[in-house]
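You will see two complexes here that share chain A, one where it goes with chain B and one where it goes with chain C.
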Partner chain A sequence: MADFVQLSVAGVSIGAIYAMAAIGFVLLWQTSNTINFAQGEFVVLPAFAMVLFFVIFRLPFAAAMLATVLVSTLLLGWGVKQLLVTRLLRMGVLPLVIATIGLSLLIRYSLQQFWTPLALPFPAIFSRDPIRLGTIVVSLEEIGNIVFAAVVIGALQLFITRTKLGWAMQAVAQNRTLASVLGINVSRLVTITFMLNAALTAVAAILIAPVYLVKYDIGIGLGLKAFYAAIIGGFNQIRGALLGGLLVGVVETLSAAYISSHFRDAFALVILIAVLLLKPEGIWGVKEEWAS
Partner chain B sequence: MALLEIENLTKHFFRLSALSRVSLSVEPGELLGVIGPNGSGKTTLFNCVTGVLRPSDGHVRFRGEDITGLTADTVYRRGIARTFQLIQLFPEMTVLENMLVAAQEKRGTLLSRLLRREEAETTTRALELLEFLGIAGLKESLASNLSYGQQKLLDFGMALMSDPQLILLDEPMAGVNPTMIKNLVGHILELNARGYTFVVIEHNMEVVMSLCRRIVVLSQGERIAEGTPAEIADNPLVLDAYFGR
Partner chain C sequence: MTRGRWGLMAALALSVVVPLGLDQYKLYVLSLTLVYVILAIGLNLTLGYAGQISLCHAAFMSFGSYAVAILGQHGVAFEIGLVVGVAVAFAWGLVLGFPALKVKHHYLAMVTLGFNIIVFLVLRNWESLTGGSFGISNVARPAWGPLSFKSDRAFYLYILAWAAVVVFSAYWILTSRWGRAFRAIRENEMRAEVVGVSLRNYKLMAFAIGAAYAGMGGALFAPLLGYIDPGAYTLDRSIQFLMMVVLGGLGRFEGPFIGALVVTVLPEVLRGSEGLYLIIYALAVILMMLFMPKGLVGLWDLAWRSSRSRTSPSISSASPR
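For the complex of A and B:
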């Protein structure tokens, strides 16, 4: 039993990071109909930026974090929106999907070619010393990741439900044409969403860098997991992406421990297939009857 | 000076011409009717005026300023609001939230919109309008849970939120029961008496005749007639367009 609890905490800890990438994924889809297949690389690039600022430039941790979020928001948020999305969005969903696949390859192999094909170690942010709660042993790193992710996701939720800008985002997600004839500048909101997504993936990068090693190709798995998480939880709901992320994290941790680590990725896929068969809108999703 | 001037407005979809060289003007305080058979270009006209579609040719002037080809959000902020033929709402927001979204971009900097959820005066205005329309009791209901007629009223209320100088109504009476029609006609007339200017696309002739003192008729993308309800009713071109004599 103690094992199970410990493993679940570890699963939630990694799942919280997946959830952040998945939430960004859902936000992009909702406000701009962009399915971002470069979401994994949107985590990897800031992770390399973090290595640059923290390990190579030796900036203090907070400054390195801020610089990473800033670079990510500008480059992957504002830059990608202006260079790719603005031009391609009016041609429909598919050209943009293909473009994001291209973008993911560009980022991945540029890092490999121009930086390093090797895995870069990254120092732990939180202590890995065990904390004992009775028979259960967890690490500060796991708890730290969960708390950090909870704060970020909570802040995002407040932004979306409590501010006018957040309302405008919801409005665009629910009815794009109506939002624009009611005076909402849809293009600017899409830019803001892209920047938010890039900030989310940057935070995910900062948390995941010490857990995984920083390597050019870790985005492949991360991007897929964010995608699974969004589909499992519900593609049109933030809470769905959160649930999906946690579920994927817990399931892969438990199946690696109890069944076989070779199958850790397979079980998330089994859930994905089950959800698609039984409840295609996702566990917490809403059927899109009102799509505009 | 006319409030809205449309000059030679033309819209092609590929080779199909949905509007060809349509001109008309709307005077301040007027209640202008636009009628015509299905596919005559009425909604395309609204779409080109409000920036939902970019016209292929021609000009739209509002309060003397050229607004041709501006984006929809800019046109709205200049003072033109509209409703759609099919009700358009934010289904997962409450009635009050729908009203507040409609008001939110009218003024305020990025920062103020980030910090404050709503201004007290905006909420007051929303509640007053809901009261006026008789759906204030539903303010906390989700928009998707309202009846068709109530949604129609909400749609209308949202178009009023920005205190627009011109309101374009696209078939406000379509699919509405007779009691609600009376209700809506009453609201439109009352607002018109308060100084709001309307252009109304409507198929229900009884309603058009009772609302409008001037009517423009479109057929196959062209303006074929204009006049008082009585003149229109006797115009052989109009009868031709409708009944294909």
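For the complex of A and C:
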């Protein structure tokens, strides 16, 4: 039983990081119908930036973190929106899908070619000393990740439900044409959403860097987990992505420990396929209207 | 005859004659290109014409490869293995295409993506059947009694024959009312349904036929290399096929030929630097989407039209586009 609780905490801790990437993913889909196949690389690039600022330039942690979020928001948020999305948005879903697949390859192999094909170690942010609660042992790192992610997601939720900009985002998500008729600058909102997403993935990157090593190809797995999380939980709800992220984290940790680490990726997939067949809008999602 | 048909005939004649003088390595690259053409034609049908995104083309391909390899170990003739592989791929295409009936792009992309990962995991872990991560070696090339296709040249011609079957059948499908229905679905699903196109059957078929072609490509791929292992059927490979079709020109009949040629030849030119090749490739795809969504074929069209514009104002063509 103690094992089970410990593993679940570890699962929630990693799942909270997946959830951040998944929430960003859902925001992009909501406001701009972008399926971002480069979401994994959107985590990897800031992770490398963090290595640059924190390990190589030796900036203090807070400054390095700020710089990383800033770079990510500018490059992957504003830059990608201006260069790619603005132009492709009018052409439907498919061209953007293909372009983001291209973008993911571009980022991944540029890092490999022009930086390093090796895994870069990253110092722990939180102490890894065990904390004992009766028979249960958890680490401060796990708790720290969960708390950090909860604060960020909570802040995002407040932004969306309590500010004018957040309301405008919801309006665009519900009906883009109507929102623009009502005087909302849709293009500007899409830009803001991309920047929010990039900030989220940057935070996810900073939390995941000490857990995984920083390597050019970890984005493949991360991106997939974010997709699974978004679909399992519900593609059109932030709470859905949150639930999905936690579920994926817990399921993969538990199944790797109790069943087989060979099929560690497969169990999340089995849930995914079950959800797609039985409730395609996701466990906590809302049915979408017919739209192309 | 139209430009398209002339092109096909000329290409076929050239592909029979030219390779006779090539060395072994170039012959291999050309054979691989043909296999990719078959695969790309399948994906072009699904994605380019019917607009259904598929990210598990490599998984469909693996069915063909493993059918041929596994049955071959038990002494079953290559052609039977090929038919089995194509049938399995077709059947899975139907199974996966089924959710395509009720869901939209992003779900289909996810389902197919997930399917590719599952198939890869099964290939790697079902050791008694697939040989696990070592795969299966000594995949036999076909032989009809005394007539054997074991030499590289003979096997090239053998692949060419199948490629011709694929090209002509795809041409036939696309010029029939099926092709028109596929395009109607791609342009506007709701309108297609309103004017009486039965979405259910056509979407399912576009997906399953694309999968069947992939199975055939896979069946020919295995004996060309002589060995197979799960690493050849990853998600990355599926994405590579997707790029191939995009690069050539989505929904254009000539697209897969050009795409397959570029994708097999470019890495040979940039040998020794796979990363660099992928960077160029990725950049090309992004730029293509931004500025030339019709792919390399679109570029060719532009050149063709500007050279012809003075003599004839309009070009009518019966080729499927």
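Convention: the second predicted complex is superposed on the first by the 289 of 292 C-alpha atoms of A that agree within 3 Å, B and C clash if a C-alpha of one lies under 4 Å from a C-alpha of the other, contacts with A are read in each partner's own complex, and residues count from 1 in each chain.
The definition used in the following text is that a residue touches a chain if its C-beta (ideal position, glycine included) is under 8 Å from a C-beta of that chain, and two chains touch if they have at least 3 such contacts.
Keep in mind it's a predicted model, so treat the numbers as computed, not measured.
After alignment on the shared chain A, the placement of chain B and chain C results in a side-by-side fit free of clashes. By the touch criterion stated above, A:180 is placed in contact with chain B alone, chain C being left untouched. Touch criterion met: A:168 reaches chain B, while chain C stays clear of it. Put chain B and chain C next to each other and count what each touches on chain A; the higher total goes to C.
Superposing both complexes on chain A places the Cα centres of chain B and chain C at an angle of 90° as seen from the Cα centre of chain A, in steps of 10. By the touch criterion stated above, A:272 is placed in contact with chain C alone, chain B being left untouched. Of the two partner chains, neither chain B nor chain C is touched by A:9. After the two structures are overlaid on chain A, the closest C-alpha atoms of chain B and chain C sit 15 Å apart.
Residue overlap on chain A between its contacts with chain B in one complex and with chain C in the other: 290, 292. Only residues 162-165, 167-168, 170-171, 174-175, 177-186, 286, 290, 292 of chain A touch chain B when the two sit together in their complex. Remark: chain B residues 50-52, 71-73, 75-77, 81-82, 84, 88-93, 97, 100-102, 104-106, 108, 110, 112-118, 144, 158, 161-162 touch chain A in the complex.
Residue ranges on chain A touching chain C, taken from their complex, read 29, 35, 84, 87-88, 91, 93-95, 97-99, 101-106, 109-110, 112-113, 117, 220, 224, 227-228, 231, 235, 262-263, 265-266, 269, 272-273, 276-277, 280, 288, 290-292. Against chain A, in their complex, chain C makes its touches with residues 51, 53, 99, 102-107, 109-111, 113-114, 117-118, 121, 124-125, 188-190, 235, 239, 242-243, 246, 273, 275-276, 278-279, 281-283, 285-286, 289-290, 293.
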